[in-house]
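Listed below are the structures to be examined.
One chain, chain A, links the two complexes that follow: it is found with chain B in the first and with chain C in the second.
On to the complex of A and B.
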């Protein structure tokens, strides 16, 4: 896709480059699976990552009337607004810096204890360190307030402190940094643990045999070797901390940080220009840190990942040091347990801080009024999970195994969606997909159609006919009334199935085409299926079951009524697979026109890409947020597989698709499943990106927690948080059992690559 | 079976399906029969709900039980709700907006976001002149007065201090850093307090007062009802909240709170309701609109821990004492029209800059 843009500026100088690119282009083109994966991931990332981010940050420069307006940036420099704005910026940076320092420090203690100090109950330590990654983003802020707030269990009941004005309480930057440290240290732990494990012990042994003291070895050998890991985790934590919305909203007190400023600018002042301007201010440091991390720190890794064992692990011999680390790690663990136990306890107590009588009333509220949100969240998270893991794997495969221009951009932008603060993405989603420009649909369709005719058509004349006739027929079809057009399009797929059958005798392809036709038609039947269920839910007594059954009827509609503009993208690819093999020129032409006209009609039906308020926009936000992790998991596992295995398959005549299916896929399955687990977790717990996307029909638990906390009280929020943690843990256990069955005897899932 | 027979079978099958499919448009799904009295084709209604979650959920269930229409709702504070309605102007996802101070509705009307509807039930209103929009774009569904909630444990621990009974009491040194209120940008409650002060004292003296008052505040919350809860838990001493929320905290959550009102006069809110322009379930929205103006619907509040006073005749007040206080002649139109300006001023001059100095 990107290669087509390589137009030479001066032919003489760039001539070699151009031929190389052209050759590369034709090579990619000869491998449709590669081209397809590239196009598919490229379009997804362009539509759902780059476009929303660009839309958000460019919004800060334009007033509502559309004229250039730098007022919100100028405010940073005047004497009226300036001090407040600069203070918020400074506070944000201080928060990031402190969280990064403390988080890395705590992570290091855990990693060193776990790798070098052989602590008792090592795996317990490991899992406790990972616990914060499966909890909703503000669960810890909640529990810290419950414990150390002005009416906290410890501050008030145990220590008997009565707060007076001016006394330092938990609200403010200090409390915020404490909460963020505990929330994010897992990241540092995982990075540093992996590093420590891979350190080649021979260097330290050499230093020890030269009679260097322990401290001297640590200072001059071990630590310098760890610097890339320390720096990497420092920068990642910095980025995570800046992006965090849930914790600052609750525990920052009167301090404001940029992420909550953006949030309040949207929900309080309905000022998208201000929110956009602040977004740009926030995204600049985020991007700088992110780039340093990616392109500087990662390149300076002194660790060679050879995959070969590098001798025995060094263990800490000095009991003082060993137990110092172990005890520190255990103390932090105890603190983490305390925090989570508090959340559970909080969900069962009548009225926190006043009346600790155990009660189930918050839980009964959660299961009656919260049932819709819980079911919707779980359903959408689960549905988005396989897609996120699959897309992550495809991108990882492209990045590790293939060479093409624009690979860096693909790699970088797939990571971008998870790194930028979620509020920025959320605002961008609203701005782009509420009233999307027609140009978006035209660009997406245009790219896909050109690719389609290039693969399907055999010569230029045929390609032109396909493109023009297919598009014209499709545009005419798109003007028909909605119910009719779905039947018509479905019928056309059946027709295509017949053509396929008559000309190529390929049973599989024609049945696939017929099924596709039925699926397209079923858009009309969705109501017929969902309606009786919805009616049934209305006929029974109002409460848990009626709500749950009604949600189920909605979920059916989601499955069979995807937005046409998104379905069209998949249908074009399906069309290629169906029509590609046709030998007879006339059949190819007829089939080719049909298989292009249908997606074309789909692309321009109703308002293309008007996704706001639906389920798919929430799923898209989920996928974008979890994509970096599944890409990383894929990259890590692919790098460990020697390409020669795949080359062998290629030499023996397997094409890219066959090799991927039969060789690569089985080898990366563990990483794929780890990606699934992580994606699901990330979906269930994401807040900042979806907070602006919830609708009456699609409510998300994390947003409910936010609303309930201030409104219904901390106990209901605690009950919701407990429930999310439980659901995520259940999903992890189930996936683990399934994997162990699947991979009997093979290497288990390693969750620690994130 | 030979390959040839399979083939011919397949062709026949496919043709049969094609013919079936071609016939199908004739058999489009019949509109589902309406379940109850008024013939309404809509089976769903999307409600943007601003009062407390429990009341939203209760109203949803009562409406569903009565009319057989499924209600989807999401609860948002009034600022958040207005922001959402503005953002979705071209493609509205909600049909009706129920609850929340009327000035948000005045603002929404100003931007042309509401659909006028002349309900037959306007006749039920106690005070049509005040309780509904001249152009029928919004109507009042409940009334609530602003009060102070003071933590009684805190009062016991600080002998000599009494619960505030005037706006000036809030500025006393003993309450420094002990007052809690929502931020006027996100909460209608807090904006009502701000507009009340400005109307009581006039703009100039009012802003001077607000400057001092912001210095007393320990934390601005997002939601208007939250400070009562926080103060009940001892996070601060005094909350400025609607009195019905305070009653709820005292009666249902057993929080140690004392309810007082400012003597020189307190403001009140009218909780509004309006149909959104371009609503996708217009009939169901009108049905809800009519229903919400019946005595029957308005007497449901106390069942769901909502003690706001009704706006229609024929409902027994659950807590008449909340209305028997010195009320100012609150100008909703003025407050609504100046909302953006005042909130901006407050955010930029008071809570944005000053408070950050700590």
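On to the complex of A and C.
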């Protein structure tokens, strides 16, 4: 037995950062599940968040011919364009500032009333405050115009005002700020409510015992503790306001803000350089605010928002203060109800402003002509939802539980997609995925292939053979004609299935491989399956059902004809799972080459990543927009789970994958469901990010509302908006019922993370 | 040796990734089969990091961990054949007691009958028969602790790791569980490593104690060795209490050492270290090694403080300007000295430990 005493710092211990990074890398590598999730989230975020944003930002500096061109920035300083551009910038900032101030103020009233003033029908207050988060982005602008516009119910019918040119009407900055305040105050409400709930009352009691007056306590204890929340919600509202596209388009009147300028540059002028230049002007303040919120305000918080509410709550005892808050909150509630009732009523009235008789004609229009947009939107939103929520949980798990270099970047950029104005992402998507550079496919495939051979191969020689032969075979296959290559690739998976069966006797893996083969082949049968359905739809009377069935035939094609370059990413991971267990070296080599060659062929088939015009680019935009919320829900949930629970599973023999499935996932299920609900809502209501991505084939309701509005179909727009809100509410109710069944009385879904 | 740590060092990046923190420094430790070894030290001394490296939750930056002849440095935890009892118990809140205990057996895909049998046996062992269907949230802290222990024991691991398993229990329950853990460990003869910052826990449970401080091992030994022969001021101060009295060596003859200290010369016996004449030394004198009498002691002093604690009386006595803490445990002593009273004190000369004065201080 030796006892080592007081050893001075030996030079061996002085490690350099680089060596540590390398060691860390090789340790991560021993955990393929970790590496796989890291690589997958990394690639997804790089391709769909960072790359588009970078393309947009840099786009403003280059003319169509690719030469350096600063014309659009110079315009801010000349005498012809300058004043207008500078005015728009100023208006944008004023809008953001005012919305942030008023929204935070209203949110505070709601939060204080709900937490401290014990208002009657508290949950009604809560749900009404959340209603704006489930409605399409311009619903409230629409409603405010219906009520207070030039032919508004209140302004014209009740008050009898006849607007003349030059008179101050609802259009303009004032109306815009009003609408944005109501649209976004929920964000402030949720942040401040969480903070107030977690504020330990004993601090205020301590102040009271030191003989401080109530006002003094509020001024010196309560409010200072809430400052991070107030500042955080102010900054978030500012960012949301700058990013908003729907409301400015509807209600800004003759004022323009940056987001609508960008929209017009693309839709009206097809000038992507101008749009990019404006995007850069818009993204700078957005990013600054976002960074301050993230790195300054959040770090300065005294109250951990992730902790559980502290149980005992103080209630406001002074009846005057209590009722002042309650009444203020209820007045705002009444206004919110009025706005939503107006939308519903608007969808039924014959001709708004002229004839208010109820009619179903707008609705019948919506369910016939609009059915395509409604079904497309719902289908794509629903299809993207589980992916977004699951990816959110995986990223949250990586961020909370794992240590690796670049973690901060992953965390930041997964949030970035939701924070930058959607128009900027939309432009970036067009710029990147319209004529994607081959380099993108090469980089993505290269990373995945290297990872693949590192995991599958046992030594350097084997890895090199796998990489070279697999890639060569794949590239040769990619040159074949499309129909034939799909049959061939499918056939190769069947062959792989046989190898797996003969070599490892693993039925599950061989059947999986065979099914993959059938799936790959089924691309060729898509038309054969879809065509009869489409023909059937044409044979029946034109109306709701014929349209719906026709759309269904399109949706089938989406499922079995994903873009090969995206499918390839999944197939590489599938390949790892399939051939990883092969023991026999020859079988491993043969299987390994097959499982790499197929995705390789897929990666370079046709034009890789040419996604514009298809369904998948819209879904990608959906996911990027909803990802931050599910990540946040996952992070909050994971931070409440003691890491040693996962370690316990680990040391009892469960590997990372088993532990995630049996322990982590059941425990974060409420967060996962919250993520599902939020993602679906966000998908159904998103406008700015997908407005440039809709095509004749893929229509999105929010875009339809905009075009109806532009053609004067106010009531149809109202009907669409009502329908979206209804669909979202139905989805929330269904998910809630499912949750309650699943969790059987365990802690419910907490939607207050958003 | 069953489990060996060779020159284990663990370096963490410090906050903000700018520098590095050495959490464990060149630790060497050998553990025999069936032994219960305690890692004892203040928080931040590296004991938990050491345990986590043995478990596989952290990998050592350098050095070797060998279990049963096989190097396990970077083997992931689920392949190590160890089990662990966590400070927070880490019970799976969504599973019943039975399912919690059966978790690891389910991973091994054992058949239902075997699982039921083994879980039943181990629940019996921890006196939780009939609690199988409860949810962990419905159990008291002590019962949860037993479930955590059962879940670890059912695996029949090569090494059982315990990370401050009793620190969340109240004092009475802690005492009970301490004996319980020792009983079960002895019954199953299971090699165990136990991390704690509680010296009494370490003393009552362990075959051997490893005292750690600032990432280093200060001393390894049986509870008696650690208490009676601390080899540093840190160990003497961390386990039990001690007066550190400066002195100078006058003469040494075999195990008898004559020291001049507090103005008197005193001869100590049973000294194992070698000293040279004139060397400055520190005497480690535990409070119970001090006898306080009205007259007849070696040193004269004045009582500065007297505290009556029921089972003992604690005095702070001023001797030549040095404050010395002594305790009197004899319940028959009716004579209580008052503050300000003149007394004499003597040392139990045969059990005092002497260290060179330059020895690392706490």
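The rule we apply is simple: the second predicted complex is superposed on the first by the 730 of 754 C-alpha atoms of A that agree within 3 Å, B and C clash if a C-alpha of one lies under 4 Å from a C-alpha of the other, contacts with A are read in each partner's own complex, and residues count from 1 in each chain.
Keep in mind that, in the parts below, contacts are C-beta pairs under 8 Å (C-beta built on N, C-alpha and C of every residue); 3 or more make two chains touch, one makes a residue touch a chain.
Quick caveat, the model's predicted, so the values are computed rather than measured.
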Item checked: Touched chain A residues, chain B compared with chain C -> B
Note to self: Is A:652 touching anything from chain B or chain C once the two structures are fitted on A? First, second, both or neither.
What the structure shows: second
Note to self: In the overlaid three-chain picture, which partner chain does A:642 touch, first (chain B) or second (chain C), both, or neither?
What the structure shows: second
Note to self: On the A-aligned overlay, A:550 touches which partner chain: chain B = first, chain C = second, or both, or neither?
What the structure shows: first
Notebook entry, point to check: Can A:663 be said to touch chain B (first), chain C (second), both, or neither?
Noted result: second
Margin query: Quick check for you: in the superposed arrangement, does A:607 touch first (chain B), second (chain C), both or neither?
Written below: first
Next item on the list: Using the superposition on chain A described above, determine whether A:241 touches chain B (first), chain C (second), both, or neither.
Entry: neither
Check: Any idea which chain C residues touch chain A in the complex?
Finding: 9, 11, 13, 17, 20, 22, 25-28, 30, 55-57, 59, 61-62, 74, 76-78, 80, 82-84, 86-88, 90-94, 103-104, 107-108, 151, 155, 161, 216-220, 232, 360
Notebook entry, point to check: Which bits of chain A are touching chain B when the two form their complex?
Noted result: 80-81, 83-84, 87-88, 149-151, 156, 162, 164-166, 171, 249, 253-256, 264, 266-270, 272, 350-355, 365, 368-369, 372, 430, 434-435, 483-484, 487, 490-491, 494-495, 497-498, 501-502, 505, 507, 510, 514, 517-518, 521, 524, 527-528, 531, 534-535, 537-538, 542-543, 546, 550, 607, 610, 612-613, 692, 694-697, 699, 707-708, 710-713
Check: Residues of chain B touching chain A in their complex?
Finding: 6-7, 10-11, 14-15, 17-18, 21-22, 24-25, 28-29, 32, 35, 43, 46-48, 52-54, 57, 61, 64-65, 68-70, 72-77, 79-80, 82-84, 86-88, 90-91, 93-94, 157, 176-178, 183, 185-186, 218-223, 225-226, 229, 232-236, 253-256, 340, 343-344, 347-348, 352-353, 355-356, 358
Item checked: Parts of chain A lying in touch with chain C, wherever the complex brings them together -> 1-7, 9-10, 12-13, 15, 17, 20, 23, 27, 30-31, 642, 644-645, 647-655, 658, 662-663, 666-667, 746
